[in-house]
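Both of the next two complexes hold chain A, though its partner changes from chain B to chain C.
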Partner chain A sequence: MDSALVIFEGANLTRLLGGLLVSLRIAFLAVLFSLVGGVLFGILMNSKNTVVKVLCRVFLESVRIIPQLVWLFIFYFEMTKVFHIHIDAEVASIIVFSLWGTAEMGDLVRGAISSLPQHQRESGFALGLTKIQLYHYVILPQAVRRLLPPAINLVTRMIKTTSLVVLIGVIEVLKIGQQVIEISIFSAPNAAFWVYGFIFFLYFIVCWPVSLMAKWLENYWASKGV
Partner chain B sequence: MVARFLFEVMDYQFIVNSIPLYVKAMELTLILSFWGILFSIVLGCICAMVDYFKIPVLKTVVKVYVEISRNTPLLIQLFFLYYGLTQFGVRLEGETCAIIGLTFLGGSYMAEALRSGLDAVHKTQVESGLSIGLTNWQLMRYIILPQACAVAVPSFAANVIFLLKETSVVSAIALADLMFVAKDLIGMYYRTSEALLMLVVAYLIILLPISILFSYLEGRLRQHGLGSGNI
Partner chain C sequence: MVSDKVLLEVKHLQKSFGDKTIFKDLSLTVRQGEVIVLVGPSGCGKSTFLRCLNGLEDYEHGEVFLDGKAIPGEQKSWYQVRQKIGMVFQSYDLFPHMTVLDNILLGPLKVQKRTKEEVLQQAQNLLERVGLWDRRNDYPSQLSGGQKQRIAIVRALCMNPEIMLFDEVTASLDPEMVREVLDVMLELAKAGMTMIIVTHEMNFAKAVADRVIFLDDGGIVEENTAEQFFTTPKTERAKKFLDIFNFKE
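Let's look at the complex of A and B:
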């Protein structure tokens, strides 16, 4: 039981929370880029042009089918070698998660847009709206409601996936947890249980409210009959 | 640049030599995924049933489990199981740990997939079944499950692929899966390009056929009007 106190010893707690902040910073930036990229990519995927469609599909499937961890390795170890540039591990992970998020978010946006009944689009055009007006006033406001719950779920998935960045050497919460355990290996031999348990709990505390929000929005809009 | 990369930088002899290593690692990845996914489905079914029949205490347990499992990353779950629990005399082997971790993670995803399928079965279906005198078991077996499964196929398929991909994390608890072999080769020979290329190819060999099979299945189901919710 004494080992549990290791978490609160010295600067350990602030260090662990600082590590969590690094994970969250990566997640936040990646989510931000994927939101913007995903909306554009989703609209692009709905294009009638076959070439554009096929290219989008290839991008989506190739990002999706290879595990994120493999993508991290490719960007961190391989891109640097091929292009002779230095990419910081944190930057590499933001790039990878943004690309992945863009693809996944794009697919959600595509689904939300194409699930709207065709007559919405036709009515809009019949009223003489331009394509941009149509998207601005008719398609996107309706699509957003179908999009938001799964999009928020994607955000929790992205936050969870940031735990992988420790494997390409980003100093984040898990790495700091390991350091704390190693430092106190003699004074607190059971520290691993408590520290990893604590990190487990931290991730839960961060992701749970986000998940709850998605569920709440879903029920809220369902009860309004949208 | 691509040509230079393909013909000058790549060492194909190295690739050929490393094939047996990757095959062996692929075996482990597949075995872990197989058991992980199998137990996930079993656990998911149990959870979905508990939720569907609203069994008093178990319902709350399932709810808590689903929230915990869905809101924590597999890597942390594995670290906790592998390094954390051993402190208290619970000795788990790497493989067991990975399978438990995958099941813990996958169970909730499978439960959610099945639950959405069960929810999609219209109430009139249940009532009609009951009114022609089917028992609860018959109702489940002949009316609800066939329709629910058809609805659940797409998310079920997505979960299978998701879990297969998640196995790449087990290298962190010293299991010699595909990721581990690639890391090893990079560390020992600095052959980054070759090792990573083989890694991607190996994952494609596993995941592409499964992905294609599932989209074919989905197409078939839709053709028969199953899973569209208007049966």
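Let's look at the complex of A and C:
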């Protein structure tokens, strides 16, 4: 039981929370870029132009097929070697997660848009709406409602996957957890259980509100009959 | 009610999907205040023809004139023209995430940039005319099919169109709701609105039409006054077509 107290020893708690902040900073920025990028990419994916379509497909599949870890290595280590550009590990993480999020989000947006009935589009055009107005007032507001459950799923996945950035040397919550465990390996041999448990709890209190908010929004929209 | 002024003129319109020609060399002149009903068997191109008239379909050849001005074929120019051509579809095409009022205000406010005060007044007048002003804050899912279709008509009318196109607007309604929609259209016709109507409701066609156009096999087979078309059609094909709607013992 004493091992549990390791979390509160010295500066451990502040350090763990500081690590969480790093994880969240990466996740938050990446999610933000992904939401904006994903909407644009999703609209682009619905283009009728074959060249645009093929390019989008190539981007999506290459992001999907290659594991995020490999992308992290490419951006952090290989960029430096090949182009002599040094990217800060945290920045590299944000770039990689944004690219991944944009691709996945884009595919969700594409699906949500193309699942809307064609006559929604046509009745918008029949009112004289331009394409941009059509997306702004008719297509996107409806797509967002269909998009919400899978998008929230993606966001929580992105938050959790940030733990990979340890491997390019970003000191985030998981890394600090490991450090805490290593330091106290003799004084508190069972610390690992409690520290990882605490980290689990931290991830949970970050992701849970996101899910709650999604549920609330879904109910709210359902009450509006959409 | 029908004036001499030509409002819409279609010349030699041709349309095909791939190898299949839907119609070729279709011409039609619509005068102000005229109500034209297009009838014909399924797949004869009635709906496609209507959709060509407000740019929802491209066509290969031909020209469309509105108020004597040719509409250039490119998509861009249609944005302008569509404000003058109202269209109501078969499927209830209200935007489900907007209230009745927001559905109606969208076009006038965002496309025509009119003032909210003025549009609201007009929306109220129109909604009262179709008996749905008290439903203005409802969402489409809370309305019946007939109500939705009446709102769709109001939404199109609120743009102050010069001509209205109706594409089988009662085809997916329950029978008891057909009447309320047709009544609105009849009233519009009486008020002098220029309309082109595609319908399978022959009694309604008889009541509303100044002119009936019978389309088949990609062309106009017969063009006649409503009365003559339904009592003494000139062509054999029209006769056969009308026989389908008559049950004989």
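We take it that the second predicted complex is superposed on the first by the 214 of 226 C-alpha atoms of A that agree within 3 Å, B and C clash if a C-alpha of one lies under 4 Å from a C-alpha of the other, contacts with A are read in each partner's own complex, and residues count from 1 in each chain.
Here, a residue touches a chain if its C-beta (ideal position, glycine included) is under 8 Å from a C-beta of that chain, and two chains touch if they have at least 3 such contacts.
Everything quoted here is computed from the prediction, not taken from an experiment.
On the shared subunit chain A, the superposed partners chain B and chain C are arranged side by side without overlap. Number of chain A residues touched is higher for B, counting chain B against chain C.
Using the contact criterion defined above for the overlaid structures, shared-chain residue A:73 touches chain B, although it does not reach chain C.
In the superposition on chain A, A:174 makes contact with chain B only, not with chain C. Judged by the touch definition given at the top, the superposed model places A:196 against chain B, while chain C stays out of reach. Once chain A of one complex is fitted onto chain A of the other, the partner contacts of A:120 are limited to chain C, with no touch recorded for chain B. Panel annotation: after superposition on the shared chain A, the angle at the CA centre of chain A between chain B and chain C (CA centres) reads 100 degrees, nearest 10.
When the shared chain is aligned, chain C comes close enough to touch A:142, but chain B does not.
Touch criterion not met for A:84: it reaches neither chain B nor chain C.
Of the two partner chains, chain C is the only one that A:130 touches; chain B does not reach it.
In the superposed pair of complexes, A:48 makes contact with neither chain B nor chain C. Put simply, the nearest alpha carbons of chain B and chain C end up 19 Å apart when the two models share chain A. The part of chain C that touches chain A in the complex is made up of residues 54-56, 78-80, 82-83, 86-87, 89, 91, 93-97, 106-107, 110-112, 139-142, 152, 155-156, 159. Partner chain C is touched in their complex by these residues of chain A: 117, 119-120, 122-130, 133, 137-138, 141-142, 145, 221, 224-226. Interface residues of chain B, counted against chain A in their complex, comprise 5, 67-68, 70-77, 79-80, 83-88, 161, 165-166, 168-169, 171-172, 179, 182-183, 186, 192-193, 196, 199-200, 203-204, 207-208, 211. The part of chain A that touches chain B in the complex is made up of residues 3, 61, 65-70, 73-74, 77-78, 81-82, 156, 160-164, 166-167, 174, 181, 189-190, 192-197, 199-200, 203-204, 207-208, 211.
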